[in-house]
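You will see two complexes here that share chain A, one where it goes with chain B and one where it goes with chain C.
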Partner chain A sequence: MKRFGLKRETAVAYAFLSPVLLFYAVFLVIPVLFSVVIGFTDWGGFDLASMHFVGLKNFRQIFSGQSAFVHPILTNTFAFAFGTVAISFCAALAVSFLISRLRFEGLWRTLYFLPTVTTIVAIGNVWLYLYNPTNGLINGIITGLGFRSVNFLDDPAHALPAIIVVGGWLGIGSSVLLLSAGMKAIPEDFYEAASLEGAGAGRQYFAITLPLLRPTILFVLITSLIGGLQSFTLTLVMTKNGGPGNATNVAALEMYNQAFSFGNWGVASAMAFVLFVIIFIITIIQLLVFRRGGVESYS
Partner chain B sequence: MKPARTPWISYALIVLGSVIMIFPFLDMVFSSFKSASEYASLKYSLLPKTFVFDNYRMAFEQLKLGKLFRNSLIRSVSIMVLVLLTSSMAGYVLAKLRFPGKQLIFRFILSTMMIPTFLFFIPNYYITVHFPLVGGNDWLGQNGNGGLAASPLGLIVPFAVSGFGIFLMRQFMITVDNAYLEAARIDGAGELRIFAQIVLPMTAPALATLAIFEFINSWNEFLWALLMNSVNGDLATLPVGIQTLKSYLDPTLTQPLVMSGLVIATVPILILFIVLQKYYVRGMMHAGLK
Partner chain C sequence: MRLGTKSCAGILILALAMGLAACSGNKGGGDAPSGKKPVTLTLLTHYVGTNETALQPYIDQWNKENPDIQIKPTPVDFGELLKTIMTKQTAGQGADIMQVYTLWGGQLAKSNVLAEAPQAVVDDVTQNYPPAAVKGASLNGKVFGYPTEVQTYGLFYNKKLLKDAGYDQPPKTWDELLEMARKIEKKDASGKVQVQGFGFQRGYAGIVDQPFMAMMAAAGSSLLSDDYKSSNLDSDAGKKTVEFYSKIYGKNGITDISFDTTKGFGAGQVGMTIGAGWWAGSLKTLMKDRFADIGAAPMPSPDGTTNGTIAYTWAWGVNSKSKHQEEAWKFLQWMNSAVVKDGMTPEGNFLLEAFNTISTRKSDLESDKMKAKLQSDPIIKTFTDALEYASEEQSPPTGSEVQDILYKQLESMWTGQQSVSDTIAQADSQIEAKLRE
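On to the complex of A and B.
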């Protein structure tokens, strides 16, 4: 291939890349370093001169006995992440299996995907109405069956599960998409051969579909877990500050409120750092798994 | 593995699931036509007794939906255009040119996709508000009235580059045959012209995917827009404006108006998605889960 001078090619390349590199310097590299620094200060976000270095004080504070950060907030974060993943994954596995055997596969997939492209503000408010203790649909069904109505979002025992259900419902669509694509990649011959040998649908599912789908399943589980650990928009919309008490509070929401409601930027950045380390460990596990696995997404 | 017999049980299950998925949307649409008294009545019903179309007129008045809609549109279109531009330029260079530092920059861009977004709220809020020489700020970013957040730039600039977008465009541009580029170079075309007139038109499907993906995601983005709105109340987008104004209105009287606002915020995007889903879904497959 005819090249123009390497020196000129380099100049052109960096000219094309300059907006991107400048952006990453200002909105990614500096912020990440800045964020780590803030975690070791008592800063309130006003004037850079008012920033005092306090060592590990913020970290000692959030891990101390009086702090709600480890329990219930981090516990809730994991409950939310595992709960939503469990609901969305099990539902998605069933849905993607069913629609692969039915007509109008695309139509079903679209229906299950609609919540994913809807603003969380709409999702949260509509579900608040469905959960309403006096005239919500869900309590209508519960009382119709002869049980007492439940004040889902004001009752500390029911609030977190109520939000987890919505979060799980919300996540079904994207998991269906990935699992369906994974199923399509399994060669039809395998099923034909199994049919000839007399294997029924159930046998085929457990002996062919599930084992060959393993890399996709792992990918879906890990990425949705990472997403669940950092998700807090739904909790913010449905409960404002993670209430009642801290019953629904999660780490990223607590960070957001510590910074922007209470002005404790130092404590908030320390929380962000802790949550980041947790997510980073899971990301490393993911990379190790997929170096051996077969999903090309991160190649 | 399509079985010969119609699997009625499978159809029943999938329809039941679909009802659970779309019921909240139906509830939103029908609630937006209910009168305030019916909305607050003691018994739940999906359908309104009488359709109150006036809710929409009042929602436009009280929630200032026109202004919110304009802000959302300005933001989504601007981010979409900027991301298309920056992604295709960087993608082209990373796919087709040879230069020192290329592998390093590509690895860096891949790794940016794995940094969780919550990490950026605090530092980027400060940087945006104290951006030098905009919104009245001096060159140290002080003494102004909001920096980038003094104008819609605050909603747009922090989203102008997407690691996912660069990755998508690079993967697509690698498949463009080098023979086209060579021929153009022999004819004396400059690099900018090769990029704009030869490579870009060939990558139209990838650009469409990225455009619809960025438009929908920017439209629905809530947390950053909420922060910008706290600096400058003129910057409210549809989700932010409805959520914040909701708390100022009397809930017993105005819930149906909130539902009307949410219909205006979601239905255009749902229609856009359904029409262009082929492209959106391809973007999702590349991004993995959000």
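On to the complex of A and C.
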């Protein structure tokens, strides 16, 4: 009777899950598998019947000397991802710590989160104005201080760092949200005990807050890095084609152009598969490094 | 309790089934079993905003006169047009009639997107349009549709700025152009450009590459060989053109790359730039009274003795997967050959009203209105005359990639990442490698 009841519960559970499972199968699993298959074909993107198998040709092409995929595109992608994560994570750690000591904590958190909920297209265009070498705000300040204006987005030496700054600024809000929530989960007892032992704010931060925040830090770093490695919209809005030259071209933008501008869906899918493998390896490394820690491991 | 659980499961499964059924609705294009329902044809173009408004009266006229064949425009931004064609075609929801940029011809031909035109249309096009337009509306030597916009490139200039610098006429040679540009250019104390003497428009591959190809044509060569097997960048004309480009922006450039030439010209702050004929219509709308300061001239050439430019083409085509190809061709034949107003076709009227540009169809050009227009509008006349000697924009199967390569190489040179000789060598070798694919 009990076993019979358990089977019925299982059936009901699957019945409740079936819409979501179907959704993921149709909109995630099947497209991902299809994308992997396309990576081994030559397809123009118009007619499925014209798809034909070419083996590893697309992968050979993107890793060949003639291709810009490895350098500068992948190197730009890594620079962008690690740069934005470094900026947003370090800033978010500091901001969430400071916010936790201020009144109106909710208001501060909201203010820092606002860029996260604003459309990237709007943000990109605002920063385009800020960076404008002729009448942008930043160059207005620079020239006001007596220096020459800086051509942020047309100078290959400055273009990528300029976009990294924007990406890092964008990422602060969501990281602050997660890190502050993680900080709130740390019991006050630890800090009280540390105070009684004579530890100051700094010692408490490095000895208690950071180690107990490890799971949250792991989550923030993983999600931020994945987002950074897949970034596309900001570069598209601010430099249109990853220019000047390929100075700001990143993997996702190149994939988009290969597929939708040039009709090289096989090459685009091969690039996507390579990026997937890279993201997977980086995520595994992060999991291994940060797997220990958190409140539970110290309780 | 068990009954309640059973009911929940049953309701859920029923809801899921109904949801799936709703999602799989039939979206067929008007095909009715009785054959008496009107056929609705979708018309995919890049005519948005004011251009959509200008096209609508002709669509409405057709729809009124042809209740059995209704046309439904579905415009998208130019930047989204190819992607829209691609995704809709794959999804089996391609538009019946499409306006395509012929640089995409290679991609479209590879995937058999466009239907072959019926013989009546082929004869109509070959007999009534100039060679550059016929070639532009052909794939693999076969006409696929009606040429619409056939745009040549020329020199736009601001008469007032030229006059302020002491010049009554636009330049005829490249050296004259550089000399005039230096005199017209004005900068403030901090080195910021206030008035630009000459600049190239920037932003995407086409807007950088097409003037380049026009200048190279004026220097006597096309970008690619006629058989699309090699690049001509390392020819005398190619080298001269790249060297000229290196004198405009960059370390040794006559002006600042950060100055927005497109916006600046419309604001009356740029002396000269290269543009396509359609731009005159946009400038007229933007500049209003100040448009009277704008003039157009043929492309300057290295020594002023040769004429050369390129013409790019847009064309109407019918989707090879359309279930109503006969009706689609009927509409296109009306749109491009019927005389409806002022002695011109609907297409001819639309191009004039929307872009202040002329149709290349002989009957449109011979209409009284067009003759009067050509006499009274020197800018249109300049770009129309250029059709006589314009070469068509070359569109190999990898045409978009070839242009992307050239664009990135020129931008790299302009931003100091590589020298002129490296630009020529790398662009040449990368383009040839792409042509061999």
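Here is the rule we go by: the second predicted complex is superposed on the first by the 256 of 299 C-alpha atoms of A that agree within 3 Å, B and C clash if a C-alpha of one lies under 4 Å from a C-alpha of the other, contacts with A are read in each partner's own complex, and residues count from 1 in each chain.
Keep this in mind: contacts are C-beta pairs under 8 Å (C-beta built on N, C-alpha and C of every residue); 3 or more make two chains touch, one makes a residue touch a chain.
Remember, it's a predicted structure, so these values are computed and weren't measured experimentally.
> Which holds for A:246: it touches chain B only (first), chain C only (second), both, or neither?
second
> After lining up the shared chain so the two structures overlap, which partner does A:151 touch, if you call chain B first and chain C second: first, second, both or neither?
In the superposed model, A:151 contacts chain C only, not chain B.
> Does the superposition put A:19 against chain B (first), chain C (second), both, or neither?
both
> According to the stated criteria, A:66 is in contact with first (chain B), second (chain C), both, or neither; which is it?
second
> Answer with first, second, both or neither: which of chain B and chain C does A:260 touch in the superposed model?
Touch partners of A:260: chain B and chain C.
> Scan A:133 for contacts with chain B and chain C and give back first, second, both or neither.
In the superposed model, A:133 contacts chain C only, not chain B.
> Have a look at where A:45 lands relative to chain B and chain C in the superposition and call it first, second, both or neither.
Both: A:45 reaches chain B and chain C.
> When both complexes are superposed, which of chain B and chain C contacts more residues belonging to chain A?
Result: the larger residue contact count on chain A belongs to B.
> Jot down the residues of chain A that show up as touching in both complexes, chain B in one and chain C in the other.
9, 12, 16, 19, 45, 134, 260
> Which positions of chain C touch chain A when the two form their complex?
2, 5, 8-9, 12-13, 16, 19, 82-83, 85-86, 89-90, 107-108, 110-113, 190-193, 203-205, 256-260, 398, 400-401, 404, 407-409, 411-412, 414-417, 430, 433
> Spell out the part of chain A that touches chain C in their complex, as residue ranges.
It comes out as residues 5, 8-9, 11-12, 15-16, 18-19, 22, 44-48, 50, 66, 132-134, 143, 148-149, 151, 154-156, 240-241, 243-247, 257, 260-264.
> Which residues of chain B touch chain A in their complex?
Touch residues, chain B against chain A: 1-3, 7, 10-11, 13-14, 17-18, 20-22, 24-25, 27-28, 31, 40-44, 46, 86, 89-90, 92-93, 97-100, 102, 105, 108-110, 112, 114-127, 157-158, 160-161, 166, 178, 182, 185-186, 191, 195, 216, 219-220, 222-223, 227, 230, 238-240, 242-243, 246, 255, 258-259, 262, 265-266, 269-270, 273-274, 277, 280-281, 284-286, 288-290.
> For the complex, give me every residue of chain A touching chain B.
For this pair, the touching residues of chain A are 1-4, 6, 9-10, 12-14, 16-17, 19-21, 23-24, 26-28, 30-32, 34-35, 38, 45, 91, 94-95, 98-102, 108, 110-123, 125-127, 129-130, 134-137, 139-140, 169, 171-175, 177-178, 181, 188, 191, 201, 204, 219-220, 223-224, 226-227, 230, 232-233, 236-237, 252, 255-256, 259-260, 265, 268-269, 272, 275-276, 279, 283, 297-298.
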